[in-house]
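Going by the order they are written in, the chains are A, B, C and D; count residues from 1 in each one.
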Amino acid sequence: MNSFGRIFRVTIFGESHGEGVGMVVDGCPAGLSLVAEDFLLDLERRKGGTQKGTTPRQEDDFPIFKSGIFNDKTTGAPITILFENKNTRSGDYQKQRSVPRPGHADFVAHEKFGGFEDYRGGGHFSGRLTVALVAAGVIAKKILLNATKESEKISVQASILEIGGETDLEKGLQKAIDAKDSIGGIVECRASHLPIGLGEPFFDSIESVLSHIVFAIPAVRGIEFGTGFASAKMFGVQHNDAIENINGKTSTNHAGGAVGGISNGNELVFRIAIKPTSSTPKEQQTLNWETKEIEAFSVKGRHDLCIALRVPVILEAVTAIVLADFMMLEQKIHRVL
Amino acid sequence: MNSFGRIFRVTIFGESHGEGVGMVVDGCPAGLSLVAEDFLLDLERRKGGTQKGTTPRQEDDFPIFKSGIFNDKTTGAPITILFENKNTRSGDYQKQRSVPRPGHADFVAHEKFGGFEDYRGGGHFSGRLTVALVAAGVIAKKILLNATKESEKISVQASILEIGGETDLEKGLQKAIDAKDSIGGIVECRASHLPIGLGEPFFDSIESVLSHIVFAIPAVRGIEFGTGFASAKMFGVQHNDAIENINGKTSTNHAGGAVGGISNGNELVFRIAIKPTSSTPKEQQTLNWETKEIEAFSVKGRHDLCIALRVPVILEAVTAIVLADFMMLEQKIHRVL
Amino acid sequence: MNSFGRIFRVTIFGESHGEGVGMVVDGCPAGLSLVAEDFLLDLERRKGGTQKGTTPRQEDDFPIFKSGIFNDKTTGAPITILFENKNTRSGDYQKQRSVPRPGHADFVAHEKFGGFEDYRGGGHFSGRLTVALVAAGVIAKKILLNATKESEKISVQASILEIGGETDLEKGLQKAIDAKDSIGGIVECRASHLPIGLGEPFFDSIESVLSHIVFAIPAVRGIEFGTGFASAKMFGVQHNDAIENINGKTSTNHAGGAVGGISNGNELVFRIAIKPTSSTPKEQQTLNWETKEIEAFSVKGRHDLCIALRVPVILEAVTAIVLADFMMLEQKIHRVL
Amino acid sequence: MNSFGRIFRVTIFGESHGEGVGMVVDGCPAGLSLVAEDFLLDLERRKGGTQKGTTPRQEDDFPIFKSGIFNDKTTGAPITILFENKNTRSGDYQKQRSVPRPGHADFVAHEKFGGFEDYRGGGHFSGRLTVALVAAGVIAKKILLNATKESEKISVQASILEIGGETDLEKGLQKAIDAKDSIGGIVECRASHLPIGLGEPFFDSIESVLSHIVFAIPAVRGIEFGTGFASAKMFGVQHNDAIENINGKTSTNHAGGAVGGISNGNELVFRIAIKPTSSTPKEQQTLNWETKEIEAFSVKGRHDLCIALRVPVILEAVTAIVLADFMMLEQKIHRVL
């Protein structure tokens, strides 16, 4: 349930206000050079506090290797990495125990786990777990780069397309600041230089497996490949991409790089919708479990104005995880590098 | 790869122009009454030929039970059902061997399977395989109905929202007929009376598992839950659904029935984008593998004007498959009914 | 539950006295030549009626291809093969409904599946299902042969070592004939020319995965690798195999070809214990469910005197299935041949 | 690869001379009380140094909880537990780099992982990893106890039957001491009060799944259920267990508690063969990779005279892991306790 992948398999664990979060990566090829510094850039990109619109909570987020690395290289054994929680202020949350926060998992977690869940800051449901995803993604990205020739490096890059409906992102954020509220956004991911043939017909289509892990990112509400929802308004002759050469290159890329569930040699392109951060400074209504009354509720604590701002590096991470796994299944990446 | 599900597991097989298609359902509870008649309505809904916009190809699509049924009841052993192909006209396809059809899997299948793929009518990539999905869905729907009390039957219902951007569906189809082209559409699915607690945090969120199987349906290009892509333009206080009572009922349902990856007791609502049928009567350009030249190409054969018309029953099927599996994981459905 | 394997995955289905039995093999490489004749020798080896000590029940056991084969070659899509049941005499069994046969699964099947199980001839628990295993094994063997060079073909061969404690097998069978009872035996399997490196540390050791599938063969009660149980009486210096050259060749093979869960380049050797056929002509005591009384019971029907006689080809099959899967995981076999 | 289980899933990681070893248990029910003290008895039983015949290496083996526990109870989220390595003397091993130790995984690890493996003390192949198995087993045992009524507690107990062929264990050990060599043994496991119906026909028979995980224990060379290998010498009427009452109680238990792959309500009984510790003080021959010469080799370091002495608690652990998982699959244990 907390594991993903067939050959390259990621297991995540941890809680927002517990000891920390972490992950085990099993199936990583042996011989990949891996040191703490490899992680810092992407971890930094994920962190709050460095740009307008993200939470002031700061964690060092330094990866502590616990297994699978020897002489700064992967050994083929499972890689375990921990991230300690240092900057927790659980007191913010404990008083809210009887008030499930709107938009958060507090209510469902309580129902599903019978009240035994760690409720502090969302516990195991917290976005803090995305640190583990980003770390696994760093490994996956290194594997992908390692697997490909200099001129045709597989790259995975995500960026924000819209904030609050605005392509001028500053303008989008300002809307939220003005409204004293949180706001949603659109993030796009592109992967280039993929070989033809990743993915399987039907259940394990590349879109299937990607969307599976993409919806593991908190706050994602939709995903579309290529022209996506716009394709529902198109005619066939408009949408079909004409194959131009024997490498599968198409003149247009409405399909977004996948046909029949299989990568077709063109750029993989997809977009995801991120809802506004559930924690908003605005007053809201919610049920108080103890009093059984609806009451006014206002989030204190430290939160992101626009969670979408943190998503690109997480989206790259999960995409790289899927691509590394598919590359191994297609035997494009060996068990020893 | 051609299997899906953890407890209730569906395996599909077959080709468009081979012996037939079929499926094995493993993990079905024992004691479910199951006869051929149970399948006919949904199989009929999936079939072409009965409404404007679908292909005139007709198959009897009669389920032939091969295992797992005894005295008209499931036994707990794997259920195998075959559907024979009768109405095949392979000649239509064999002459196109060297011309990969735009928008179809012909090109990627050839690359992935080294030219050994059954290329007739798309072979194993064909939409004909959705017969197997619909049949598995019939079983899943019966399990769901069986598991729930009379007044709170779990229902799964999908319907077309738009054809070619038009909510007046006749109008949408007419656009395609006028353009002598195929056209896309939007399909929505709603599941009611779900218990709170289906799905897991992160990798096996209910959205993750649903989107995984939804992208197994050919021609799907996007999926969104609740307000979906529109949520990216919203403020937090607009999007958050206020919890109104201890059953988790919310005043609005922007989340579409899932928070933190877990069903929250409200109606599950999601929409998918269906691209226009790849086979269009319009002339297109494509590469000829033999001549290495781009050539004009025009689909003969029998095809759907709007493949979205067939999708609702398939979408219900895959949704029911996922829900039945989650219900078993949550022990809401027993191994013996 | 009825599926096995990570890349090369076998699903079996069917019942002793239903429509038939069969299997789906997913993950088979594309381009393997495969025709019905490939199966006949091993199916014949498994069949009863041809040697003293096996049941006179005769089935044609002709493989009927339903998917995954095109122009006599595998396509990379799931391969479905059916075997029809023709020679069933259900009447033999129906009268025994209230009397669970000693040593058979009748009692546990009834308890587990709530009385909905197909009880005729053991239903889905029947040894008849091993036809499906043998058929999957034929495919696996062909893959293994195909993957290796002429001089170093991987071979998998099983043979009977003992019947009723006698290495003179005729003598062992005669003991059973004289006693008018069924009898057990020991079967050994050897696989040669395996590469070093199949298997994983701990959970997916080669012994783990082999023993997993070996205990899927009805009547197996034990398995041992190399010197096996005898190693428990040995000193370390006796048991350790000295490595003699850089190919890993050892002077002795007490380990049976696996160290640390990984194939070590020597012959893989293991033995299994087969209990006497549960159906014996001798009178036995059992409970009558209806009367709740213990009553005398005597098996009619057609049965094997010594089920071990049929086991070698089944043991080869399951071994080949595991080895093919491991070879794919180690990328020694490609997805297109 | 380093994970096991369908609902109750254990992932292990770590190395003999790295930071430590540990595990993640996913799928543990919420609400189980769990504190460090729960682990100490079984960890102590596994430790060397306390009895004649085990290694003087001493580790504190104190469980450090990293996730999944809140207020001394499980939360339903993955439980991560670390054990630090403190008492390592890597120098013992580094000089042996070019000399693969006979009977150990040094050679195969080097071949499989291309020389990138952590070779110190066997690295990830080390028996030290069994600490993680024992810890997971402690959780599984608590779940099993919790799931059953006072009078019918499921118990899992393993004990040594033989050392070096002697049932008088002191005598067996003395043989090894006299010979200045290591020695093997036989361990038996019994589980009582299991419900009828655990296990599946064929691939997931209870014997299949148990033997799978049992061969994950280093040094296991064989497993047999009930009368096991002795059954190969028996007649049918001798081996069959007569059912005596409607609870499935049989007059004898030659089957060892499983028929048709399913628990039958009798005591589960199986035995495993443990080879002599590979590290023996005796001089042995092995290949030197650098010189390519066979050379005399003698183990220094700290090692067990008889590794079988440590096995009972590990065998109990893996058995409990399998039983907890099967109990959850059969819905005998709920997701919230």
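Keep in mind that, in the parts below, a residue touches a chain if its C-beta (ideal position, glycine included) is under 8 Å from a C-beta of that chain, and two chains touch if they have at least 3 such contacts.
This is a predicted model, so every value here is computed, not measured.
Chains that touch both subunit A and subunit D: B, C.
Put simply, the chain farthest from subunit D by mean CA position is B.
Inter-chain centre distance (subunit C to subunit D, centres taken as mean C-alpha positions): 26 Å.
If each chain is reduced to the centroid of its CA atoms, subunit B and subunit D end up 44 Å from each other. Taking each chain's centre as the average of its CA atoms, subunit B and subunit C sit 37 Å apart. Multi-chain contact residues of subunit C, defined as those touching 2 or more other chains: 1-3, 12, 77, 112, 124, 201, 335. Contact residues on subunit C toward subunit B in their complex (touch as defined above): 1-3, 9, 11-15, 18-22, 24, 26-27, 30-31, 65-68, 70, 73-80, 82, 112-114, 116-118, 123-124, 335-336. Residues 6-7, 77, 201, 329-331, 334-335 of subunit A touch subunit C in their complex. Contact residues of subunit B toward subunit A in the complex are 1-4, 12, 100, 102-105, 107-109, 111-112, 122, 124-125, 129, 162, 164-165, 176, 179, 181-186, 196-197, 200-205, 207-209, 211-216, 218, 220-246, 248, 251, 254-256, 259-265, 273-280, 282, 284-287, 289, 292, 294, 308.
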